[in-house]
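Just so it is clear, A, B, C, D and E label the chains in written order, and each chain counts residues from 1 on its own.
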Amino acid sequence: MLDLRIKQRIVAALLIVLFFAGWEVFCIASGMSDLILPRPSEIMVTLWQRFPILWPHILQTLGSTMLGFGLGVVLGVFLGCIIGASRTAYDTVYPLLIGFSSIPKVAIVPILVLWFGSGTVPAVLTSLSICFFPIAVNIATGLATTEPEMEDVLKALGASKLEILWNVGLPRTMPFFFASLKVAITYAFVGTVLAETVASNRGIGNVMMSAASSFNVPLLFAGLFILAGLGVILYAIFSLIEGRVTGWANRKNDFAAA
Amino acid sequence: MSESQTPSLSVAPGTSAPEAGTHRTPAIELSQATVTFGRGKQATPALSSTTLRVQDGEFVALVGPSGCGKSTILRLVSGLLRPTTGAVIVGGREVAARALRVGMAFQNPTMLPWMTIEQNIMLPLKIVQPYKASYRRERKGAFRDKAHALLAQVGLKGFAGKYPWQLSGGMLQRANLCRALIHEPRMLLLDEPFGALDQFTREELWGILQDLWLAHRPTVLLVTHDLREAGFLASRICVMSARPGRILDDSPVDFARPRTVPMTFEPDFVALNQRLREFIVSARAGAAPVEAH
Amino acid sequence: QETTIKFTLGWKTQGSDAAFFVARDKGYYKAEGLNVVIDQGEGSGATVTRIMGGAYDAGFGDVNAIIQNAAAKPGEAPVMVYMIWNKPPFAISSKKSVGITKPQDLEGKTLGGAQGTPTTRLIEVFARKNNVDMSKVKLTNMAPNLQEPMLIKGDIDGALVFNITSYFNLLLNRQDPEKDYNWLMFGDYGLDLYSNGLMVSQKLLKENPKAVEGLVRATNKAMMETAKDQNMAMKSVMAFDNLVNEAVEKKRLQYSFTHLMVSPELAEIGVGDTKDDRMARAIGIIVEGYGLTRTPKPEEIFSRQFLPAKSERALVYTAN
Amino acid sequence: MLDLRIKQRIVAALLIVLFFAGWEVFCIASGMSDLILPRPSEIMVTLWQRFPILWPHILQTLGSTMLGFGLGVVLGVFLGCIIGASRTAYDTVYPLLIGFSSIPKVAIVPILVLWFGSGTVPAVLTSLSICFFPIAVNIATGLATTEPEMEDVLKALGASKLEILWNVGLPRTMPFFFASLKVAITYAFVGTVLAETVASNRGIGNVMMSAASSFNVPLLFAGLFILAGLGVILYAIFSLIEGRVTGWANRKNDFAAA
Amino acid sequence: MSESQTPSLSVAPGTSAPEAGTHRTPAIELSQATVTFGRGKQATPALSSTTLRVQDGEFVALVGPSGCGKSTILRLVSGLLRPTTGAVIVGGREVAARALRVGMAFQNPTMLPWMTIEQNIMLPLKIVQPYKASYRRERKGAFRDKAHALLAQVGLKGFAGKYPWQLSGGMLQRANLCRALIHEPRMLLLDEPFGALDQFTREELWGILQDLWLAHRPTVLLVTHDLREAGFLASRICVMSARPGRILDDSPVDFARPRTVPMTFEPDFVALNQRLREFIVSARAGAAPVEAH
């Protein structure tokens, strides 16, 4: 079982390497200008050389994102619980949320900047405003699709609504929740960077903006690589937690591996 | 101990229970309760005007054909369902049984899949007072020991840490029974708790349940398909008609306690079974749910 | 046989782009055998990348961006063939109450700039040329459309802007840009740069010089008419994009003439042309300002080969 | 039951009206400049007056979004099935997708413009690239958490993997799928508008950009309202379909209403 | 019809099956099959070295205490599980039973919740040849009629269009049986198909199942807890030990067919039950899973 897992991982790693090799080859073969799409090797070199300069920006973006994401999770879970629990909330809050979510957040960043000044606050808020939505939707769906039989177990004991939510609704919803976290964390990065491009003196978004305007496309892509990397790292962390928390729901894989 | 300690009240089928004449408030009282699922064309009548009284400390068995509304009655009593018409009074109050600390074993042993068997079984302790108050403190101590002891009693020693899907059908059913018992409820609602068990395990559990009842005298409503089981355990047997169900017959079982398995082979006992059997056969004749072959 | 030319503007539809719309609307391009397809742009610097990437053949953009790219990738950068704004729009706007009237007043102030715009990039050079200690100036980044609101709100003391943009942004924010604001024009303080004009790709230049010639001729013709009759020109603008505020854009069009075009140099050499020595100086400033590794020659940047005779380019501006 | 439903809807409608009334009052009370946050009434007036002009832009944006969304659904379901079915795909494709998704799509729009010119194509592609991800994640999660017992029913009949996917995996995953659709449709709008602000002569994104650059804030917000409105309308349509398709999973509501 | 048509092969418990001596390839052959779930400390042995042969057309009943591995054997035969050691040969091939058109009634009647009962029951027709080919054409015609007829036979007339959660426990179990039968499989694996049914419904279904077996002679492996049921239906009864299970006893049942319910009360029949009962009791004595009370 362990061997199989390791083998699978090696294959996966190889495929990922292959992807970048393919990109490299494509760029060379098609004579792609590095103004349009730089080669991965070029990007990596830039990344390596500029890393000391980029480091504080990475920290800035990561910090804002984590804060926004954390708040987004809290807000998303809260709204999700409300929507999932009350029909009126479903009818009221859902349309408002959908409407709000259909709005490109770029449009509200300037308002945030005018209210809170430029810097970390708008980045955190944008990140929050972009990432809570998938969480709320998935939590609400998870709660709404919970098998009534499971709730009956607690209802028969005279449990309060909150106890049922806590002991049945939320645990049952965990697979939905973790799925939404994967989506939310990536959007949280997008939100932060968006706000940083609009008004900030630090952060990856700021670096990318400056790279774009000085036609330093490899640096721009280095910024993108950093974001992608951060996204993947956080995803990996959530995956670990997910494995522990929702293992019960993933029996299929257990079986396949057994 | 003789049966006389818990007087059984016989209700004539089809007539509403007399309002006066009982000096104790019954633990459970269904009066003219009807349940219809869905509406319009989709309507499925599940229970037709059922009247049933169970005194505090009585052990009542419900038997009847598949789909006649036995589980529905348990759901009514536990407050999971409200009657379409009629009233359900439990512990002197309409609806819900919070204060009564109901212990319910569902027909389908719905274990929460994210919890181990132990955690599943300790669930009532987490929810029901007075255990709730000390749950955080005791869940790794006294409560856990209690759960383990109960599991050992039903033959699931060593399975406390397993997840529900790692247990066989019969094992789950035994765990389900443990969950109904752990908080020592004043009212037990058991929906075919031994259905998936072999004869021997079943008989052993009968003994355990009987001992428990004799010791604490909870009010028990037991749904079963096994007339021997009903006869062994119950102080009263209610026979239901086919869907939509009504209570057709309600007869006390007066064998001395504690009853033993050999007793179930004695002529008196066999005669009771035979009587019920014949009664059911004649009752079914009109509305046989299965085509003759 | 019509030649299709994909043309990108420097920004969203603006009155100052009127000449292109007039040429299109009145069929001047068509008369030259050209089918010019005009798209809105993402910034006058991005015009250069759009053309270099091959998606566009021509556009209205910033010559300074050409210089930058030509330094790194000679032979790929587009070439300016018709210089339109011969005065730089780079400026620092500030409220009168803040009291920035000369470069030295910047010390101790907070300036807001949109990242990567020439004004922001050139502030260092501006400071050096005017002996301003940049360590005493605080710079903060923000998107262009946030500069004026933050200026008004007082979050920043001065904004590093294009005058032609900022002036109207202030106007739209219900300010009086003449009465209440000071303008430090870079052109007045030693940064005598060229700015936006009509540029084409090297590919078009090589493969179809006749089309370039036609493009310049038609644009020039429209430019002359626009200078005479802005009301007529605005009709063409509105025909292209009915979303814009006609009154404001007309003023912007006129502002582009009065503040960015009409000058002694224009009278001397006509619209579209440049002076080589000034261009060389401008290149020097950009190379210094951006720390470029190579100094491109003026002929890499600008080509006067396609310009009509000077008499046809003698612009007479009359406001109406 | 019907009466209850109608009552709930009325309450919901009232609450939504209340929300906008609150906004209006807030703007008036705080003396908010309409250059920062216009009053809803102002926005509605603008919307009404400019509607004839806005109409073709709305159609443009809606068209691009629906196309991008449609393709996104196809791609998302496809990737979700692959990830959910194969461990190697999970290990390979997931990190790549997460990485890609962490990248702000604004950064890739210029590249799309360079390849495809400005107009509808980049809008569709941006919309696609932004909206397939939640779908893929949710489908993959739904498939991975399918109870093995349900699959066993088909496996025992000797069903092929595809038959199991089709008859068990996908239907079981429908609640996950519809949850992701709600997220995806809103992001599809964001993607289209994003691309339109960068590279298009038509569409709501272009209108908003043009409004923003001329500080016509009420028009900008009218654009946002249109987007929100479109989002809500599409959400309502999906909700209807969802009600039919995943009714089986939403028994809880049935019970509550019964 | 007499039992002699299907020769039953008795395997001595604990010894491996003789390799030679049979002229027909058995339909099912478990040789020394062991199943252990999990590994390391978590390991749960579920089946210990089990050898079992079932001839084509035989009707074998498996009885044994809860958790002994009966369901596990069915899962092995249906190809849902592979043995940890040993071999499982079905229809002459190792693993999987695709070509055999297995009909399986799971212990827990897992109905797909998004399908109506009718759709659930028609599932095998959608998957298994030769029905699969004409499924699209016939699903509203002949196939549906077939499903309705089957449902009517088990007393579920009128429930075809309901969803699984609208049925009672016993109704679901009957639907589950229909799903196992509808494609007329050559091999039937039934895991306590009558557990949740009352005595009468159960007996009627016995009759139906017997008729079906007599008509088509599929190979049947029936798990049950009811010795009367095993005696009524099976041509051979295998008794299993407690977990980890092994087959302890394997005895043919030679009563004439068709058997009737009254026959189950005849002395011969009762004697068989009694014999099995005693055998199991003695076998359990060593490893009683339930604490004595």
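We take it that contacts are C-beta pairs under 8 Å (C-beta built on N, C-alpha and C of every residue); 3 or more make two chains touch, one makes a residue touch a chain.
Just so you know, these numbers come straight off a predicted model, no measurement behind them.
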| item | value |
| --- | --- |
| Given chain B and chain D, the chains that contact each of them | A, E |
| Chain pair with the most C-beta contacts | A-D |
| Computed distance of Cα centres, chain E from chain C, in Å | 85 |
| Mean-CA-position distance for chain B and chain A (Å) | 49 |
| Centre-of-Cα separation between chain E and chain B, whole angstrom | 29 |
| Whole-Å separation of chain centres (CA-atom averages), chain A against chain D | 16 |
| Multi-chain contact residues (two or more partners), chain E | 37, 108 |
| Sites on chain A at which at least two other chains make contact | 36, 110, 114, 147, 197, 212, 246, 249, 251 |
| Contacts with 2+ other chains: residues of chain C | 49, 53, 145, 149 |
| Residues of chain B touching chain A in the complex | 75, 78-80, 96-99, 101-102, 104, 106, 108, 110, 112-115, 123-124, 126-128, 163, 165, 179, 183, 189 |
| In the complex, chain D residues that touch chain E | 147, 149-150, 152-159, 163, 167-168, 171-172, 174, 246, 248-249, 251 |
| Touch list for chain A against partner chain D, complex | 8-9, 11-12, 15-16, 19, 36-37, 87-88, 91-92, 94-96, 98-107, 110-111, 114-115, 133-134, 137-138, 140-141, 144-148, 151, 175-176, 178-180, 182-183, 185-187, 189-190, 193-194, 197, 205, 208, 212, 220, 223-224, 227-232, 235-236, 246, 249-253, 255-256 |
| Footprint of chain C on chain A - complex, ascending | 33, 35-36, 109-110, 113-114, 117-118, 197-201, 206, 209-210, 212-215 |
| Touch list for chain B against partner chain E, complex | 37-38, 44, 63-67, 71, 107-108, 152-155, 162, 166-171, 173-174, 191-192, 195-202, 204-205, 207-208, 211, 225-227, 277, 280-281, 284, 288-291, 293 |
